[in-house]
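Chain lettering (A, B, C and D) follows the sequence in which the chains are written, and residue indices restart at 1 in each chain.
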Amino acid sequence: MESDWLYIGLFLVVGLIIPIVPLILSRLVAPHKPNPIKQSTYECGLETVGESWVQFKAQYYIFALVFLVFDVETVFLFPWALALGQLPLFVVLEGVLFIGILVAGLVYAWRKGMLEWA
Amino acid sequence: MTASQIVFLLSAALIIGSALMVVTTRKLVHAALWLVAALFGVAILYGLLEAGFLAVVQVVVYIGAIAILFIFAVMLTRKEMRDTGPQTRRSWPLAALLGLLVLAGLVFLVLDMPDVARTAVEIPAEVDTVGALGQALVSPEAYALPFEVASVLLLAALIGAVYIASGQKKE
Amino acid sequence: MNIPLSWYLILAASLFCIGLYGVLSRRNAIAILLGVELMLNAVNINLVAFWRYLDPAQMGGQVFAIIVFAVAAAEVAVGLALIISVYRSRKSVVADDIDLMKW
Amino acid sequence: MNLWNDPINFIAGWLRALLTGWGLSLDLAKIFIMLVGVGVLIVGSLVLAIFLVWVERKVVARFQDRVGPNRIGPYGLIQPFADIIKLIIKEDITPTTADKVIYNLAPVLALASVLFLWAVLPLASNIYGVDLNVAALYLVAAGALGTLAIIMGGWASNNKYALLGAFRMVATMISYEIPMVVVLLIPTLLAGTMSFRGIVESQAGAWYVLMAPLAMLIFLISAVAELGRAPFDLNEAESEIIAGFHIEYTGMKFGLFYAGELLHAFTFGGFVALLFFGGYQFFGLEKLGPLVAVTIFLAKAMFGYWVIMWIKYTMPRIRIDHLLAFNWKFLTPLALILLVVTALLHKLLAGLPLWGITLIMFLTNVLIAWVTVEILRAYGRKQRQAEEVLAPAGQH
């Protein structure tokens, strides 16, 4: 058990370090001749127009919101799915009720037109 | 000094350092990313405490969902990339003082607790904590009610948040 | 597994106080919510540490931690939605400026 | 314990004896052996990624009726190495307005989030990184880090097209994560465990694709969306937003994103094989030896990868509103219904023989698919009628 997590920890560290190696290699080998035009942001080959910080649609945020709630709820379902085998039928119905409440939220958002790209 | 103590101290340093950056850095996107680092440190602690399920859930929920939502919100409420103006209230020294006082009080309480230097009992190898968690969460004798209530809470949050964020479309 | 319980508790206490400082000192409402997240995580560390150190056979601590996840998600969802809604009408996310309801 | 039947333990035992012989303590030797294992797995998967560059180029050429790389080495096999050398010696340009640290961190995290997945992939019954008891959620967690990498890259470039691309990509990825997690619950539920080895072992009787073919389809679709490949590649819709979140990345940093994408596609092919096609099992053939099992697994993963490529090079791109509507109004409800039905059937049919369970579940899936198609057809008809009322024929 503990050694499992030790392995994961080592994996995370090594997995983060190894992708850096080609970057360092590239830094050593590649030419480096910066100039202002090269280093300006790229925009279809034209000069950059206006602020690079654009206000984007609030709809992205609505989807992220719905996602957050669903993400937490599906995470709750994992212990339920694991315990399913050892438990009586009405516990399964408990999970079904849980999913039903989840779907009610989805239906609400749908009916309110929140899932449209308005 | 054993291996797990070293891991604990490293992740504690990560958590405290990133948390300090969260509350002091000027750029809000950076603050959100430092929050991700702090939360990742907490996930390491859960791994150390052999609560594997919580460790991955921490990453899935906090880093995968909550941090993303924060970054979205920061970018939605900003006109430009750089944050301008003072980021703290004028009364920040008072807040710092209060924080330190609370910390001192809590540390005093913790050290005063009986048997606080205890070490953990071994979890027997055959005990499946993830399975036991599932059993506890859905069996009616244990936590079935909080389980259902949580879903109602999330439903309420979803409805409320979607209603507020979408703005009244009447106008 | 030879870390004393007090280490976890002190770490959680410091994290809580840093979060508290963030909540009290920040002007931006989103930054205040970031501080609240830190405080919730401090609580969770305590819950899980007590579960591990007192009685791992009882899953109470972990279940509570999971409920805290749900509460944190709900709090972030509603809190950020409020902030965005206020930003739309007042073009500001500074907590002090949001003083519509003074009574 | 011999080299043929249990190579990992054989080599580990040999290394342990060697290291303790040199005077290392047992714990240190264990950590060192783990480190060697981790290194071999990661370097192996990166070498695989290099090979995948060649596969991808060759296959897309065939789809487009070309020959593909064929100049360097037999069948152009050396071509990816030439590509890498080119990427390394290219000048690395960082925009002056970029947020340097985050800008440089993003590609590393993007590739690393894919590499992390290899820690839990069981290549054979005794060749795997770690048999985690929460592996299914670990898969989701690694995906969350990938999402973070994209938003970091898009934001740090300080380029509006990059930011827009990142937002589209992240909206797609998080949306399609929901049906993916829901259908991940189905093998978890059927196997009664989240460990991937447990899921593979429990498919010894019948592959889950027979019990839950719809779940397999949903997983495949959401995996493609998660990868950001066509038809879900609006992050890099060249005609609209140049190249998505990695516009500003050049040289090896772009290479990391690219390698990450290819390896991610292959890895998800592996996960489809693992969750629904019996992983390293193939009608008892895997018992010949672990190396045979690894070959079986990689072949299945390659098949999954090929299907993902097939989809990519056949389908046109979908518009973002259609894409999100497809997820939230179709895929997510369907996945939830499927989960409820599977859970109930799994519980009710517990006493039956395996073939009975499999048959009933398969038929139920077919029924659900049929009902869904009928509902969609009725909906489509209604939509068309509404369109015709609005715009009578001849007036377009």
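In the analysis below, a residue touches a chain if its C-beta (ideal position, glycine included) is under 8 Å from a C-beta of that chain, and two chains touch if they have at least 3 such contacts.
Model, not experiment: these values are computed from the prediction.
If each chain is reduced to the average of its C-alpha atoms, the one that sits nearest the average of all protein C-alpha atoms is A.
For the pairs B-D and B-C, the larger set of C-beta contacts lies at B-C.
Our note on geometry: chain B versus chain D, Cα centroid distance of 28 Å, whole angstroms. Rounded to a whole number, the gap between the C-alpha centres of chain B and chain C is 6 angstrom.
For the pair chain A and chain B, the distance between mean C-alpha positions equals 17 Å.
Chain C and chain D have centres, each the mean of its CA atoms, that are 33 Å apart. The set of chain C residues touching two or more other chains comprises 1, 66, 69-70, 73-74, 76-77, 80-81, 84. Residue positions of chain D with contacts to 2 or more other chains are 31, 132-133, 137-138, 158, 163, 167, 170, 174, 177, 194. Each of the following residues of chain B touches two or more other chains: 3-4, 48, 50, 52-53, 55, 57, 60-61, 64-66, 68-69, 72-73, 75-76, 81, 123, 130, 133, 135, 137, 150, 154, 157-158, 161-162, 165, 167.
Interface residues of chain A facing chain C in the complex, by the touch rule stated above, are 2, 58, 61, 65, 68-69, 71-72, 75-76. Across the complex, chain C is touched by residues 2, 4-5, 8, 12, 15-16, 19-20, 22-23, 28, 31-32, 35, 38-39, 42, 45-46, 48-51, 53-54, 57-58, 61-62, 65-66, 69-70, 73-74, 76-77, 86-89, 91-92, 94-96, 98-100, 102-103, 106-107, 110-111, 113, 116-123, 127, 129, 132-133, 135-137, 142-143, 146, 150, 153-154, 156-158, 160-162, 164-165, 167 of chain B.
Against chain D, the residues of chain B that register as touching in their complex are 3, 29-30, 33, 36, 52-53, 55-57, 59-60, 63-65, 67-68, 71-72, 75, 81, 128, 130.
Of all the residues in chain A, the ones that touch chain B in their complex are 1-2, 4-6, 8-9, 51-53, 55-56, 58, 60-62, 64-69, 71-73, 75-76, 78-83, 86-87, 91, 94-95, 97-98, 101-102, 104-105, 108-109, 112-114. For chain C in complex with chain B, the touching residues are 1-11, 13-22, 24-28, 30-31, 33-35, 37-38, 41, 44-45, 48-49, 51-53, 56-57, 59-60, 62-63, 65-67, 69-78, 80-85, 87-88, 93, 96.
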